[in-house]
Amino acid sequence: MDTAGSEIILSIREVTKSFPGVRALNGVSIDVRRGMVHGVVGENGAGKSTLMKILSGVYKKDTGTIVFDGKTIDHTTPYESMHRGLAIIYQELNLVNSMSVGENIFLGRFKEMKGMRGTHAKARELLDSIGCKVSTTKLVSELSVSTKQMVEISKALSFQSKLIIMDEPSTSLTGEEMSLLVKIIHQLKAQGISIIYISHKLEEIFDFCDVVTVMRDGNVIDTKPRGEFTRDELITKMVGRTIENEYPERSRQVGETLMEVKGINTRKLHDVSFTLRKGEILGLVGLVGAGRTETVRAIFGADRVRGHKVTIGGKPVTIHNPKQAKDAGLGLIPEDRKLQGLVLPFSVEQNISMASIDRFTRFGFLIKSLEKGIGARHVKSLGIKTPNTKVAIKNLSGGNQQKCIVGRWMEIGPSIFIMDEPTKGIDVGAKYEIYLLMKEIAEKGGAVILISSELPEVLNMSNRVLTIYDGRITGEFDPEHIPADVIMRAALGLGGAS
Amino acid sequence: MNKVGFILKDYLVLLMILGLALVTAIIQPKFMSPANLNNIMRQFGPLILVALGMTFVIVGGFIDLSVAGTINLVAVVTITLIDPLGQVGALVAGLVIGSICGAINAGLILTSGATTQAEALFITFGMSTVYSSLALIYSGGSTFHFWDLKEMPNMFEAIGAGSVGPLSVSFVIFLGALALLWIFHTKMAAGRAISLTGGNKTAARLSGVPIERSIVLIYTIAGFMAALGAIVLFSRVTTASPVIGAGFETNAILAVVVGGTTLKGGKGSVLRTVMGVLLVILLNNCLNLLGVSSYMQWAARGAILVFAIWLDNRKEVQGNQL
Amino acid sequence: MNNLYRLFTQQKAIVAIAVILLVMVAAGGDVSRIFFSSYNLLDMLDSSTILVILGLGVTLTVIAGGCDLSIGGILVVSGILSIQLQNFMPMPLALVLAVLFGTLVGFFNGFLVVQQKTEPFIITLGVGLLLTGVAQQLSDAHPVPANNPDFMNISNGYQFGDGQFTEGHFPGIPNLVIIMLICFVFFAWLIRYTSFGRNLYAIGGDYDVARYSGINVVANKWMTLVISGTMAALGGVLLSSKLNTGSAIYGDFTALVVNCGVVVGGTSFAGGVGGIWQSVLGLLLFGLLDNAMNVLNIPSWYQMMLKGTVIVAILWMDSYTQKRKRELV
């Protein structure tokens, strides 16, 4: 495959992008050529989706240049981007579920297409061109994911796209549907359309990508024609890093079984079972959407899930809601602190005390002095930076807000502490403090279930790691002695040794 | 500079109405007369009681448009129960009925899985009709008077017109209710649970705060207070008609919003509502003295409600600009 | 069983209408005869028309994800204005101004809801209340009689006939019904065949996707409120013409009934679904209900209670079916 010959359709140079507390892209440079399928691989948080969102106009880059089809692009909107010929098909799919296929393809262009008849006629043409047989009047909500993707591809084609970005398209596809997609990709390629293909499935990358770029921690590690990569090399480049003293030493006092979970079954999860031991930090590793959060929410009673069994300390417990979870000794730091964790207009003190109201209530009355004590205690022990405990929590930085949520649960002193992305958007210093905290909890005889998109974090903090792929537990590893590549493989659903 | 602007907005409506009072005092010296001030104090009774109940619903993140219907129903039923059950029995029955109306509202909202204020708005609006029609059916459309009863109900008369020392009985009832509700809201766990439910329902749930119980509480309190308001109301005018509650829901919501409690829920207080009611009464009083027709007063209240909601919205939008 | 459940929740209006018709057939005797007489059916159609006219505008707002509770207030003010303005100017001008009043209010609503991003439910309610007060002021809380036979004829005149209900004689179609039909056709066309109409479905279905596709969400949503206000005013004028008086009392309940009727028919408050046919069906249901209750001689307060119960039941169902769709707690 001669890649050097074709012209460059998209040139990304030294693009950086930072969010508060986090540097998502660190001077990224990639060239995409016409008519090529350009694969992009990287683990969670590598920067892939941030880069794509900048390309499609959802985010604005901080520095760097992007040249598409000969024109420099500075700030764009999704709409302009599409009209320029750069289309993106997201994992979440950008379609209006309550409308028909035809209308979705030409959303907002009703007049242009001369009404319903023109819309459906042209939609039919586009769908036929990629071999999709679905009726244009069918509602999108009734379609399978595979068909929805075809609708999105048709939409991209309707704009005469020159570059189509596909973000993890194969996640929900069956083998047969995947073959169809591959066929279409080849078709598009033949028409001179370039494709950026983001995926974790290495077979796909090796199957039909011409060039591959590996990203990690907001950097481009390498870009080479597919043939010049080996599988191992790819994985190593995805995960490899020098481990500095970012993390405290692991605690090693792992004892007997503390909790057993058997048979969680939901739409997403399939027969998830595992045990948790005293004194251990158990990491859940998996791709976004693999089912980690669903698992912990099911255990915590946050979602309406029934049928699974949970035993704690040998005794079966019923957990159908968060209150029962609390009583059983569980605590949860939720994934999205703004939406699920903080009561923004309330004070630091009230946010910290809200899970332990029983502790400072006598005969139904709140004892303010006790509440104050709780607030002060955790502000001190967690080093929360706030002028006093009465200020509204919305005024604190992200890291300190997170500490408040931690403090909220520390007050209860759960024996099982579930932390879902506890260090997201937090500066390095605060992160370390939270790591120490986790260790302390484990050493005192409790246990922590840790979910994090940062692989190094999970691998370095956990005593044991479970990998979840597509709603199933695919492996159990000791991160201290098993190389990260192996664990990553399991998380990618590849399983076993290379 | 921004901070000053922020504070100003918080008290904008307060300033506006105080300004109006000032203007009225100048134009109409009658405004400051003891008779007028006494009149103002007298008006406190029914509306403030209803508004105090409404405060809880709004702080909890919901809304209740059924209070008018509840008032109608409680008024006619209570007065007709005085003869068979005795005064105390009728009083208790009235309060119970109001509470049940509220509990029914909560039940409907919980079982339907409604989580938004909008859904609650429609359901309680519908229930208002149901309760009002029940009042009409029960009473046969007639108005009941104290003098139709076997003997004059002295307890109710006292509630309506009696005094305890320098204060009117209704004012004392108001003070008592205010104290109890304030203590409940700020000093009791159940009250805190209500505030948390309104502040962030998801976070509260995940922290084990009893959400469902809080929702039942807020509507039951609203129903109870509406009943109490109805009793004070008909005691005042010594008659109970099945349409006696008309317009109370708007005035109550207006009082709460004008007082500074945000419709988004979480933050707010009964004390603020007291101020809000005072402002609404003051507003009505001033407009009366200035010769504005009662209909334009209705329109003025509507306008202020719209303005206050808009202002409340702006505050939230700006305040959450993180 | 599952299919029956689906039918019941999605086609609530059709099922309810079927039930009522069955009841009327079962009632037998005089009741059935009166109910199914041409006079009654036409009367039913007649009384539903105002609701339908209002509903057409409201449907647009609900499809786009909002609602309009100020229609009651607009209805009464415009109705009163249409009569009172005739004292100062020729009738056509008075009517135009009365309708434009609704347009103006709609514009104001749009500003508050779309530009200022205020919660539509509560703020349109506030505006409605404001206007009810204004209406009472204008009318001094008495019904305002109209003196102009031409005015009365607008709604009450008959086309294709002379309005006489005699044996074997076709009475013709009331003007009001014709106007309603014209509006109905216009809106049905608007919602299905214009980009404006289709864009509303997108906006209500998924606001962000619509925005990313370049649809001017702000302008479109604003427009729905302007149209809704205008239609409410039109309804007010026609109602005043029909009854030959303008009164402030019709406002309160109307907003609720119309918004509810729209939901019953299948245009859910969630947005992005439903349409003109569905809304009309839902509103006809209420008209049918009223009429049936009258023919069955149900006393008026019981009618009120029944109607209130039906409304609560419908809203409850709407929330319940939405809840089932949202799986998370």
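In order of appearance the chains are A, B and C, and numbering begins at 1 in each one.
Please note the rule applied: a residue touches a chain if its C-beta (ideal position, glycine included) is under 8 Å from a C-beta of that chain, and two chains touch if they have at least 3 such contacts.
Worth saying up front: this structure is predicted, and the values here are computed from it rather than measured.
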{"item": "Chain pair showing more contacts of the two, A-B and B-C", "value": "B-C"}
{"item": "Chain separated most widely from chain B, comparing mean CA positions", "value": "A"}
{"item": "Between chain A and chain B, centroid-to-centroid distance (C-alpha), Å", "value": "47"}
{"item": "Separation of chain B from chain C, taking each centre as the mean of its C-alpha atoms, in whole Å", "value": "31"}
{"item": "Residue numbers of chain A (touch at least two other chains)", "value": "302"}
{"item": "Touching two or more other chains - residue numbers and ranges from chain C", "value": "329"}
{"item": "Contacts with two or more other chains, residues of chain B listed in rising order", "value": "205"}
{"item": "Touching residues (chain side chain B, partner chain C) in the complex", "value": "63, 108, 111-114, 117-119, 121-123, 125-130, 132-134, 136-137, 141, 205, 250, 263, 293-303, 305-306, 309-310, 313-314, 317"}
{"item": "Chain C - residues contacting chain A, complex", "value": "192-195, 198-199, 201-202, 204-206, 209-210, 212-215, 272-273, 327-329"}
{"item": "Contacting residues of chain A [partner chain B, same complex]", "value": "300, 302, 321-323, 325-326, 332, 334, 339-346, 350, 354-355, 357-358, 361, 364-366, 368, 394, 408"}
{"item": "Chain C-facing residues of chain A, complex", "value": "77-79, 82, 94-99, 103, 107-111, 115-116, 267, 302-304"}
{"item": "Chain B residues touching chain A - in the complex, by the definition given at the top", "value": "187-190, 192-193, 195-196, 199-200, 202-210, 266-267, 319-320, 322"}
